[in-house]
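Going by the order they are written in, the chains are A, B, C, D, E and F; count residues from 1 in each one.
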Amino acid sequence: MLYISRKEHFNAAHKLYNEQWTKEKNLEVFGPCANGNWHGHNFDLIVTVKGIPDPETGFVVDLKKLSTMIRAEVIDKLDHKNINLDVDFMIGKMASCENIIVEIWKIVEKHLPAITSRGKLHCIRLYETPRNYVEYFGE
Amino acid sequence: MLYISRKEHFNAAHKLYNEQWTKEKNLEVFGPCANGNWHGHNFDLIVTVKGIPDPETGFVVDLKKLSTMIRAEVIDKLDHKNINLDVDFMIGKMASCENIIVEIWKIVEKHLPAITSRGKLHCIRLYETPRNYVEYFGE
Amino acid sequence: MLYISRKEHFNAAHKLYNEQWTKEKNLEVFGPCANGNWHGHNFDLIVTVKGIPDPETGFVVDLKKLSTMIRAEVIDKLDHKNINLDVDFMIGKMASCENIIVEIWKIVEKHLPAITSRGKLHCIRLYETPRNYVEYFGE
Amino acid sequence: MLYISRKEHFNAAHKLYNEQWTKEKNLEVFGPCANGNWHGHNFDLIVTVKGIPDPETGFVVDLKKLSTMIRAEVIDKLDHKNINLDVDFMIGKMASCENIIVEIWKIVEKHLPAITSRGKLHCIRLYETPRNYVEYFGE
Amino acid sequence: MLYISRKEHFNAAHKLYNEQWTKEKNLEVFGPCANGNWHGHNFDLIVTVKGIPDPETGFVVDLKKLSTMIRAEVIDKLDHKNINLDVDFMIGKMASCENIIVEIWKIVEKHLPAITSRGKLHCIRLYETPRNYVEYFGE
Amino acid sequence: MLYISRKEHFNAAHKLYNEQWTKEKNLEVFGPCANGNWHGHNFDLIVTVKGIPDPETGFVVDLKKLSTMIRAEVIDKLDHKNINLDVDFMIGKMASCENIIVEIWKIVEKHLPAITSRGKLHCIRLYETPRNYVEYFGE
């Protein structure tokens, strides 16, 4: 069993803001992350797939195909976007990394079988900054 | 003559958008950077000061004081903000790195004499991403 | 279940030295790390907390509170210090990363409930250099 | 139980090429990685050993000895070499990271008992580029 | 005057080998870099352009156009190639970074006027590894 | 004219302390950097040599020889040492990066002619942390 990882990145704006709360409560809980006019990050995304390599290619998954799929299905929807306003799969959700990563898992898991019969999604890691990151293993 | 550098960072939203132009022309010139709902970055800022060290302290400038000044005068105005909407020194200007860096130069140059009599501002470097950066030497 | 990580850093001096041994045996076993006058490192510390996000905030743990707690309880005791001489929780122990990390685990585990009811400590990772690091999962 | 990691690196040429296939099929499957005249990478290798520290040294494994062993048994055979042509343990195998890492596991596992009685091999991680890497846990 | 930089990368094989010399002399002078079967690197290339920003766009040069030009004219000729055998502008030259960078300068300088009337090429920096790099300023 | 750089590193302890001053004044001026029991860093050192390449080797200076010289003459004297107590060329001087770098310049400049007749020392850069660094150009 081998674990294969690919890093992609996107630049996006967001804010942490609970629409059920007053502006004051949002600022109290989220601090400057609740800034009404947004802020943003260079996000780094690492997708890890596990499986047994194909003896003919030496591959669990073709990293070029994995990169192409992640870019088409995830990065193109997030890059140079506002996560709260522009991203269909985040509408109505808090734009926290914890929530973003669960949605990315669902998308990647759905599209992975089209590019590999051997690899299964193992982990998604999302860096908001070089010092803050979140991981999800699907359960 | 020694050159002393300090790196700080801020996370901000911006868009590249010329208000004199139509939306179509903005998208044509700036591409996804003109997204109306903004996008954002983790910016890294490097300030370089040059001078002859003080024989008693071994310092051209006290890096703790330099860091404190940059944070108070520059970072606090940009971090977790929207550069187009929230930053007083950028109002009415294109929010490109080329313009941001010239304004940061003016601010740092103005406040440097209060913390060092030996050091002069030499360079400002601003990373928008790890792959794109701008430098300014004051002229 | 999500895994949230925060990176902090501290700069400290230490030596690897077993007081039960002769100087010669220490140099034989620890080599230059046993240098009597100490050496030092820029240590990077990554704390990982796991849990299920709060639906109202999207958080397992507020990363600002996590950072503040780690700085108050761990970093302030280690940063710009001599680990063998200045750090109360290391007195009488070998100042190896393996031992430091177990003590950091105890401290973070004790103070985590005060800032999150959902998150549990999952992992501590300590980099002594970019090429040497140690991880501990609490057992 | 502690997990101790050491990073080493090597610079090597390789190509992805299945000798059972035509040149056309190789280019179709492997794209530019099948370039007949090779290409190359700066590979980063991380070896992780787990165990309970020795109370006298604070060590699971002496990182200097671990580094020396990895360099002698692995790095010297790969660094400044062509993985397809020059590396005995890769002869007749696809030079993919997935295959390289399994061979490195066998070598490190064989030589580890000579330098530690407490540590067991836990993981090998191999970076082909900063954005593509593979991990193996021995099963 | 502002200095704008863009980083690109390519993965290539090469060897340092003077065809006028014997194999023994090549090994004596270049050591493992003369390995007859090649070795390789992940090269990082930084191109710096200087000029006065356009007041309408805030740009000295459009970084998207700069990136596209570098990829078309430089990266595509080097990436996943053998520098000694596959790269037309290196035929008959020593494949040292010092020589590669002078050829890259000529190419970028020639194609820059097509994408900017304000920017002039200032510097090319080429990393062979994170620890070895070469810079050229065109004279 | 080409500029060739090589990065090396060393791990050392130091304190900023002026022996002519009281302990109180040292703490007032240098803050935690004056901690009597030392602190430490992973220092990164970049040496840049400039010159015209030799047409036969493509080299301004052989980077292997440059690395060997820097390690023998500089790194071995600083690595795993206390800069205030153990380093002959720093005795009686403030152990600030500004002073260390001037001494390193003198050493490298003296030993460079033995390994290259074409290259001249251009710059020394010393990182105390990833966020603080000093450069010296010899005048």
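Operating definition for what follows: contacts are C-beta pairs under 8 Å (C-beta built on N, C-alpha and C of every residue); 3 or more make two chains touch, one makes a residue touch a chain.
Please read all numbers here as calculations on a predicted model, not as lab measurements.
Engineer: State the smallest step count from chain A to chain C, taking one step as a move to a touching chain.
Structural biologist: Minimum number of steps from chain A to chain C: 1.
Engineer: If you match contact pairs by residue number, which of A-D, A-C or D-E shares over half of them with A-B?
Structural biologist: Match found for A-B within A-D, A-C or D-E: D-E.
Engineer: Any idea what the CA-fit rotation angle from chain C to chain E is, to the nearest 5 degrees?
Structural biologist: 180
Engineer: Which chain maximises the distance between its CA centroid and that of chain A?
Structural biologist: Of all the other chains, the one whose centre lies farthest from chain A is F.
Engineer: What's the call on chain A versus chain D, same or different interface residues, using the half cut on shared numbers?
Structural biologist: Counting which numbers both chains contribute, under half are shared, so the two copies meet through different residues.
Engineer: Round to the nearest whole Å and give the separation of the Cα centres of chain C and chain D.
Structural biologist: Whole-Å distance between the two chain centres: 29.
Engineer: Chain B to chain C: how many Å between their CA centres?
Structural biologist: It comes to 33 Å between the two C-alpha centres.
Engineer: Any chance you could list the residues of chain A touching two or more other chains?
Structural biologist: Those would be 130.
Engineer: Could you run through all the chain pairs that touch each other?
Structural biologist: Here the touching chain pairs work out to A-B, A-C, A-D, B-E, B-F, C-D, C-F, D-E, E-F.
Engineer: In their complex, what parts of chain A are in touch with chain C?
Structural biologist: Per the touch definition, chain A meets chain C at residues 16, 18, 20, 29-31, 93-96, 98-99, 101-102, 130-137, 139.
Engineer: Spell out the part of chain E that touches chain D in their complex, as residue ranges.
Structural biologist: Against chain D, the touching part of chain E is residues 9, 11-14, 32-33, 35, 37-42, 79-82, 85-86, 129-130.
Engineer: Give every residue of chain D touching chain C within the complex, in rising order.
Structural biologist: It comes out as residues 1-8, 48, 53, 56-60, 62-64.
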